[in-house]
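There are two complexes below, and they share subunit A, which is joined by subunit B in the first and by subunit C in the second.
Showing the complex of A and B:
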């Protein structure tokens, strides 16, 4: 340990810590562009200057290592003056198009100008004109006028993805970021460049000009597109009162968790999430009666389904109920299914239909393209794929959760098979061909729209919360399941107590302590 | 496309890399060598050097564009490099550049049609005490004004 003095305050930090990190640990923020915790310090932006007693000039806090007894001043007039000067140089060449810049509102240059700049420009010459719309990737646009040349983008591609698509060419006033012979950024993590860029120089075509950051609310969640379970922020517009459907998710950003995803997420998750949240959503409750299709109310549908289940129960034939589940379901929902169907009704025919696995990329993206297979396994489910031959003859009522059953065979063999089953109930957040074959279609919540936990492949149990509702008449599966339990009068005292939020999770942890490890 | 260097050039590159703790560290001398052989460094040469030294081509491009001694286009017989950095600009270096542009009838980065002169604008030449200054091939010329430039140009003929 080394003892240093930060603005007069004694602080103990580990040997080898940089002054910047020591300050951060002590809660002192030092402005910076080029420093990023995931990369080797570069020391090019000169904004992190601090005064160190005994040193003839200001030093870069990002790359200066602490020495025993060091006296550092992060806010002295000299330091503030130096930062003001650095900012003035950057702004002399900055287009100041904040009114149309996506980054405005969360831009480091704006923040630091507010804290340290506040200068009148003395620059009377014309500013350099540079390209403002260079397509550097599938979804990436580079604005060379806004770039502050911190090279975070270059270093991300050199140190993290090791794909080296961008470089810093030329020098002095001609310096610019670019691709080799204009080859685009092409790797599964390109979206991180947008989050990484401290200013609005790299923007995302999906987000460009769509909204302003200050209109957005951020919710904490977990990416459901693979079993890594990356921690994310969902940035959404909460919508306007009295304008139905005006809430909308605008973007997904990584939420740093060093034990899971570090500060990154992959493009498959980032862009796939918004597609899933917004496209092909199941929004209406439907009862397909032969040729006719009727929209029905939740109460009536639950009573009808409850009657069918009760009829089987009276004849002691609840083993003729079968389930096709998905690991889009949370731990709590899977637990309720286990309690109601397996333990309560003695259902034995349980299958899982999940999104098809994909290639692993050796970094974050895993081959299981669904968030909770580990959770289902820990719950004691056998994750076998649906076997139509075993299913059809033994089934009077089939509950299908999720839309993925339609993907189990490409020849559509499931269709005629399903038709032989008397009652098919589909509980799904997304629509596909399955919906026309089911007798009841119950619109369910997508992962970002319900509370619960998911277990990633490494066994981390992580929370998701009901954040943005894309559509209206949907219900979380947990509610549907509890309503059903009540409808068929299954152990009222037990299930009745589970409607309080968190109650299912408590019950789950009591029964299977594995799930208690909430980080 | 990557080009094949001659066996002799490859051998000389290997001689250079052998002197450095890592192959990548030999980038500058290897680029000098290759440019000396081929006259300029096109994408083909950059890629070939990159693969020989085990570097991504973009690293080679960064270095080639950073240093004014390297060129990505064929140069004229006389390479006029006028400094446009701070000291020279304060001493009206821009006037020198404009004078040469008008005299040669070419823009910055261009070569006269007869292949004789190439005019480029460079960052600090490290000779601020003689500002404004320029380099012609490997020679420094300082304390310039249009008349002195005229005299230098006379001598180049």
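Showing the complex of A and C:
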């Protein structure tokens, strides 16, 4: 440990820490553009200057390592004046088009101008004209007038993805970010450049001109698109009180977690999420009666389904209930399924229908493309794919959770097979051809719309919360399951106490301590 | 006392051929150092001689060599800075063109002292003929066994390569040079780490100017005492001053370190043309703050020039007479640094360009009353705050001109208005 003095206050920090990090640990923010914790300090923006006693010049906090007894001023008049000077240089050539810039509201240059600038411009010359709309990737647009040349983007592509699509070209005032032979940034992680860029120089076509950051609410969640379980922020518009289901997700951003994803997420998750959350959603409760399709109330449908189950139960034939599950389900939902169907009703025919595994990229993206296969395994489920021959002859009632069965099952062979099963209940957040074959279609919540936990491939149990409901008449599967348990009067005292997901989680941990590892 | 040391034989025909060079006693210093001295002894002698860098910063060469770790599992490199980019400087080219073997000898001794087996001469791209001449000389030295494997049979190896630059001033800055030599864009590196520990290809590296190394053989042959006698106590030897501008005899003058600036201009370079008066002098290359006519009684060694508020730099003396408007000088300075900034760090990239834009406007007759004040403020905001010394090199001369010639600049603008 080294003892240093920050603005007069003594602080103890680990040896080898930089002044910047020491200040950060002490709650002192130092302005910076080029520094980013994931990269080696580059020292080019010159904004993080501090005064160190005994040094003739101001020093860079981002790259200067602490020395025992060092006395640092992070806010002295000289320091503030120097930072103001650096900002003045940047602002002189900056287009100042904040009113039409997506970054406005969360732009570092705006923030620092508030903190250090607030001066009038004395720049009387012509500003450089530069390209304002350069396509540098499938969804990325570069505005060279806004760029402050921090080279975070270049270093991300050099140090993290190692794909080197962008570089620094020309010199002096003409220096600019560009691609080689105009090859686009295409590496599966390109969206991170937008988050990394401290100003509005790199923007995302998915987000461009759609909304303003200050209209958005930030929700914490877990990416559902693979078993890495990257920590994310869901930035959504909470919607309008009188317009049910008007909440809308605008973008997904990484939420730093060094044990899982660091500060990054992949494009598959980032761009896939919004599509999944918004497209092909199942929104209405349906009861198919031959030719006639009718919309029903939840109560009526649950009573009806309950009666079918109860009928089997009275005949001691609940083993003729079969399940096709998905690992889009949370740990708590899988646990309820286990308690109700496996333990309570003795169901043995349990299959899993998940999206097909995809290629792994050696960085974050895993081949399992759902977030909770590990959770299902730890729960004691055997994750076997549906076997139609084993399924059809033994089934009177089939519960299907999730839409994936249609995608995996044998070139549509599932269709005639399902027709032989008397009662098919589909609980799903997404619609596809399965819905037309099912007798009951129950619209369920998508992952970011429910509370619970997911277990990533490394066995990390992580929380998700109900945010940003895109649809109106949907229910989380846990609620549907508990309602069903109540309908068929299965151990009222046990299930009756489980209304909150926390209570389910508590029971789950009691039975399987593995799931206790909540971070 | 004969003052010429390095340039003594420059008049000889074909000195650049190893035959002629050997007839003059060439490679005796290499023989002496490699066969009679231990590497540490070489470093000590160079330290004692107070040989200061001739490239610009005036850093003691022996001390620089001693910073390189003795024990390391990495290769060590020597990079010879022959980029000679500083406006006004034209001395290294004369050494390399006339006496390339002198440089090679200096390189071999420096490499031996530090334990280096690979050296590069990074030469500015425009010096094409000189680069060829160097390569010819290197070929000869290999043929005679002064380069290559087992030099002089003492088991010391040295490979020497010439690498031509592509025309950027910033590649003369030592870490910009390293990047360029590695095949990258010549952006200076953040220091620390210093090249002595992490340099070329991440390995310990010595970077020295051509003239610095060309002095080394004489120190070996004649001893530190002899060398010090020729210069100042803390800055030994002679320097090749390159005098240009409004003098009767522009050219290179090898004179003892510590010769007065007045003497250089009026005695050696023949003074100014009839009817003209001295207005200002830039003492060490364009990056050094300007002296007014009444400031030229300064001894030209690193410390004295620094004490007078400027730098000895590369010893390039640029003489300005009373017919030259100071705004012209300022325009040249502003344009050069704005053009040569690598663009990596904020104050230099945007500050040099802003200054250039103001000066251009002033030169176009559209100056404003507060322009000089703004120039002072902007250069103050660049000074000491950039990643590499080019920022200072750009700011200091502007600052000096704006302060020392404020009245003239303001008058020019009034005349315009």
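Some notes on this structure:
The criterion applied here is as follows: the second predicted complex is superposed on the first by the 516 of 519 C-alpha atoms of A that agree within 3 Å, B and C clash if a C-alpha of one lies under 4 Å from a C-alpha of the other, contacts with A are read in each partner's own complex, and residues count from 1 in each chain.
To be clear about the criterion, a contact is a pair of C-beta atoms (placed from the backbone, for glycine too) under 8 Å apart; a residue touches a chain by one contact, two chains touch by 3 or more.
For clarity, every value in this text was computed on a predicted model and none was experimentally measured.
For the composite obtained by superposing both complexes on subunit A, the positions of subunit B and subunit C are in clash. For subunit A, the partner touching the most residues, choosing from subunit B and subunit C, is C. Once the two complexes are laid over each other on the shared chain, residue contacts for A:58 go to subunit C alone; subunit B is not touched.
When the two structures are aligned on the shared chain, A:164 is found in touch with subunit B, with no touch to subunit C.
In the superposed pair of complexes, A:126 makes contact with subunit C only, with no contact to subunit B. Once the two complexes are laid over each other on the shared chain, residue contacts for A:43 go to subunit C alone; subunit B is not touched.
Of the two partner chains, subunit B is the only one touched by A:180; subunit C is not.
Within the superposed three-chain model, A:382 lies out of touch with both subunit B and subunit C [touch as defined at top].
Residue contacts after overlaying the shared chain place A:172 against subunit B and subunit C alike. When the two structures are aligned on the shared chain, A:85 is found in touch with subunit C, with no touch to subunit B. Across the options 333-341, 369-377, 387-395 or 405-413, subunit C meets subunit B in a clash only at 333-341, per the superposition defined above. Across the two superposed structures, the residue set of subunit A contacted by subunit B and also by subunit C is 167-168, 170-172. Interface of subunit A with subunit C (complex): residues 41-47, 49, 56-58, 60, 63, 82, 85-86, 88-90, 92-93, 122-126, 148-149, 167-168, 170-175.
Within the complex formed with subunit A, the subunit B residues making contact are 43, 56-59, 61-62, 65-66, 85, 123. For subunit C in complex with subunit A, the residues that touch the partner chain are 168, 170, 185, 187, 190, 338-347, 349-354, 357-358, 361, 368, 370, 374, 381, 384-387.
For subunit A in complex with subunit B, the touching residues are 158, 164-172, 179-181.
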